[in-house]
């Protein structure tokens, strides 16, 4: 830490580095106290949650401040680690701080004795993971970025392999690491293009380069490939539904909530900040990929029968929506319409924040359910709202927000995104104008379907009758878990009710990226969210909620005074069939059946129908990801065939080996002769 | 006498080339070893002549060394090995002799065309023999490839060493002493090790056929 | 926040509360008459509501607080929806709070809560109804959004009051996109309000009912609220239809006396609308549940075509 | 009295002493003692070089400059750690009766002789002596590879000897041609084979002879480096010998062969103006990386897999030096150092793992973390390091190579991308089940010496994050000296 001034004169960046160092110390302490379970669970994790809160505060205060730069002595000799804190990174730091506070608190209560790897080791991996995420966001040169980028993948790989006794988890970990590394190789080549042969890898130099449109497009496509592999965009998403359910729930919450956003941060940093040229078809490409991913993700999340896979696919869907937002903003800024670009960018960034909060809340709730019942498939859950109210109500907030329903954050993001789509009619090329209805329709469909998924998720797990006897004595979340979930739920509600304040935070970021912002339009009316002008569109969540609450209270008072009859408890209406049991409720597969029927070509289904003579008739349908059979297995087969061909090279006979060197000698002599 | 020496050296060079050609087409191991000894003798003669022509005493030392090794010690060793392991039957080749001959001729043409531009520039009197030395090296290389028994492969390897030593002496009038000595030592130790190996292979596989040395491969 | 604005807002809310049961009563009456049955009284819905308000409310043994809360939330949402839609005048202080997209969100919120409440009881009927309701919902919502988009394309704004003002007071021009959007809107409103082609509001037959299955477990005051909310929803949908496709006669902000005229025009339009709905219901037969996705998909595509036509013809 | 005498003297003395007392118990410690002495001498030599710059010893016969200085220290250091590792390893082998007293004598004697030949090859200034030392290195290791006397090790040794012998012979022919080209310029007194004199006059050498010479030298020493068409001996030799031998072979001998190729490349670049040498090396390097990575996915034997990974990394290094330019050379040198550190660490853990499982077949090694966490984590971190995961140094050099390749030789990047991806996939899929999961292995009798593993990985991690200034100046000077 060269030239470390006195702590009081530290800039935001120094404080952030202090938080990072503190986390690493937490990790090391965890390893030192490997077996002392109590100390790690109730001691380390809560403290790291406080540090996360500190980071949140720092990020908020640094939001408006100008960019700060620092250089760390570690790194290659001519290329020490450059760090830079600008509004884009402080925005993402805000997301990291907020979410990791809740998740760390939840993790404190999550660990039970004697499960998988010792909690001390997990504590180390977790804190390395957090530290590397923060450093990725502030890294300012290619080498530092790549080092912390893959350290993030590396440490999260070990988190995924926490209980590596189960073979499926090992396979999931392998697939995760493989796609992460291939993505990183793509990024390496992208930075190779960006440094434009100057040998200087700092981002400042990359910004100064003026690449030819061809090289800029090569860099952009490589960046989308590299970051897309990590964000789970369509062709490279297969690892996400395997890896996230495999990790322990608090960490899959962090991976889903934050790590996918860091990949999107990467796309933003390269396409908006490092590349000066902007070409219109980049936006269209990003939008196409985003839309395909979101449609694919949401359709698959409706038919899942395992709760964490359902959430993983829904993360894919949300990442797709964000990418569509960024693509639209890129399209607008390519045509110089900065105001509309700012609107689309704000919509996407709003979606980033709200998704971070509600998705980690949902993953934490699955974690609590998994711990209480030891059951992860939806077919054996149900009626948990009675035994686990502290888990049910926050996850209701999370589910409603994920479904994009009005009073919560998810709706505001969707509202802004749909508004931004209304302005594409101003685009010069007529083909792009045709884009409006198709994309807007798809987004509306995706939003509606995510509503469908969330009803299935919440209804099947928490409502109805418990489908398994052992569920009746499932204990509620302990106090740490409650704190973590409440913090995330409050985050969702705040994001829903105070959009103006949040857009105020997002404004410096949009000014940095597309040099325009919504702040002055939004600031004009404090309680009303007016993106462009009052008569165009406006939405005020506070009044909206007030309206609903007022009607709620009106009805309640009206009924209370008018109504004289009491209430009586009785068994539910069974329409004359007394032997109804919990198994007769609608199962998860049942709930997904209409979607499977409508989107039939998208799936790859194996159906096992019982024959009429079975005494134990069993109906089972397994839905597979078609991309496994269109993309991943063919690639593996090609590699297998190539290696078998090359394997023939080494076939044991010494005469053949001598022949190789002989032929090489002749060939080289021929080459050299000319 | 001095003016005859370049022709004599070229004569010995062609003799060495002819011998390595003969070794390729040889079927019986014992005559193979004799041909190798003759090649060694031709090499000694060439270096002695060269030493005499360029008045360099250390060429005589290297000739003596080659004589001791390549003409006396190694053939005796090989004969002993053959008697001990009673490996007398003839040499099995992977591709039949005529085709090896054709390939050999092609190799000689190739090495000549390669060495021609260089030998014109060479200052030493036996510049032309570079092409012949290269041809010897390639021919013995090809012999090692086409032989399926351990002993002929070793002889191929040693005749390649002959070719190299010949190139060293004729093209550059001999290398510094320390290097010559080092090369000779390496060759000697190499042969000793090969002998030890042959005993072990013989005892492990009770045959010297290279075919049973093919277990390590990619299935 | 003019006093007149506040007054018109309150009138709109009271009007919605009063007129909604009347509208569903009117439709039921005409439906019975068209099927030459003896029609129930026009005020029958009010009597049903009073009866239910006085009956004892029976709850399932393990119903969670969500089950008891849902009716109030659904009723509140429907009331707010009808308050937002400009029925009498366009000077509504509440309308900037929610534009067209927020309206769709409101309907979605109500739908989600009623489905969750249905699943809460845990019987086969409730969860079956919830699944079907969500199936109809997830296809109808985007279609409705597209229809609203189509209208907002013309008036370059998504706030309902501006849409009504631009459409009502611009010179009379035929907008083809609105025609297509209108057809799509009718199909969506039939599905959303559980009218015949998609679902029969009166039936209790397990295999066919969607809306009825949701409120199967409710009784007493909760059932009353849900019935009222259902009629409010029908009222809100018809008002949105009128606002988008027949906006004439809605009072301006600066013309207080026009409120009475607007009231009369509104009642007339609702009557005609109700009669048309009854005709549609008697003429069309109920579809199989697996035909509903195709029905709604056509509505959805029609709405998108409307939008495309709008862009193609390039409204000024 | 220059430290170089000690650097060369100790291993020679060690091999003499151990040739007679190799079979006794204390021989293991004597072996470590001699390696430690050599390492200390190397450090002293380094201090001298830092203080006074490149130095001639014994009248120009030996020449030490930044390029071979860090290789000498590296060789001595890895020799020391391998000796430390071989103490418990050899004791277990002895208990299992695989190593009889005469074989132990042979092992210890040859071990020290082998490090002597490598140090000689690195420090000598005479190209002829360089050739002799390389040949001697092959001879010493051939016996070590066949020490177990199994049919497989015999076959491996035979192939190793024949193929390397043929390769080295071509290198001799190349040296002869160089000698011929030099003689035309420098006259015929003895100094013509000294690299420094050749280096001084390299621009006047005759281009056609030097190209032919470089072709032969590249094929000759390339066989020792394990470039693909000439690599066939490497997997057998590295897999069949005892693990300390494979560690030293994979870690050090490949570097020494690459050093020899580099010496010749410097001369050729000087003689020819156009970058023919660089293009040849790039071609061979790329071929090695691609073919070796496809080989990786077919392996069943753990040591064979890691020897193929050595071929792949040497291919990458050859490609880096082929590209030339200050950054690429710097990356090549860094990659050589980190590769030998990490690869030898992997062979240590693999040694213990194979002893525990009693077999080298990867299918039977399961759940190392459960049985012995240090071995398990050591292997996991080592494999992650060798596959180029960032905090470790291998990533640093791969980063530099790939980014410079992207702009200078864009045509090569798809192949590199494909090869690195396939290699990562195939190695990880084999190693994960070995390290994680349930296990049936029994702990070892003697506690495994894992200190060297974590020292090596520590250095690898350090080189990835922070390269000390003096080491950096070395690399920059050496890179500059390599041209470009």
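The chains carry the letters A, B, C and D, assigned in the order they are written, with residues numbered from 1 in each.
Note that in this section contacts are C-beta pairs under 8 Å (C-beta built on N, C-alpha and C of every residue); 3 or more make two chains touch, one makes a residue touch a chain.
Computed from a prediction, not measured in an experiment: that's the story for all the values here.
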Each chain counted as touching chain A and chain C at once: none
Contact-richer chain pair [A-D vs B-D]: A-D
Chain A and chain D, separation of their C-alpha mean positions in angstrom: 44
Distance between the centres, which are taken as Cα means, of chain D and chain B, whole angstrom: 31
Approximate Å spacing (C-alpha centroids) for the pair chain A, chain B: 70
Geometric centre distance via CA averages, chain D-chain C, whole Å: 79
In chain A, residues with contacts to at least two other chains: 647, 649-650, 654, 658, 665, 669
Of all residues in chain D, the ones touching two or more other chains: 158-159, 162, 166, 170, 212, 235, 295, 298
Where chain C touches two or more other chains, by residue: none
In the complex with chain D, residue positions of chain B that touch it: 114, 117-118, 121-124, 130, 133-134, 137, 141, 144, 150, 153, 157, 160-161, 164, 167-168, 171-173, 175-176, 178-179, 182-183, 185-186, 189-190, 193-194, 197, 200-201, 204-205, 212-216, 218
Chain B-facing residues of chain A, complex: 647-655, 658-659, 662, 665-666, 669, 673
Touching residues on chain B, where the partner in the complex is chain A: 94, 110, 114, 138, 141-142, 144-148, 153, 210-211, 213-219
Contacting residues of chain D [partner chain A, same complex]: 158-159, 162-163, 166-167, 170, 211-212, 214-216, 218-219, 223, 229-230, 232-233, 235, 276, 280, 291, 294-298, 327, 369, 384, 387-391, 395-396, 398-400, 402-408, 413, 417, 420-422, 424-426, 428-429, 432-433, 436-438, 464-467, 469, 472, 476
Chain A residues within the chain D interface of the complex: 73-77, 142-143, 146-151, 154, 161, 164-165, 167, 170, 173-174, 177-178, 181-182, 185-186, 188-189, 191-193, 195-197, 199, 201, 639-640, 642-644, 646-647, 649-650, 654, 656-658, 660-661, 663-665, 668-669, 671-672
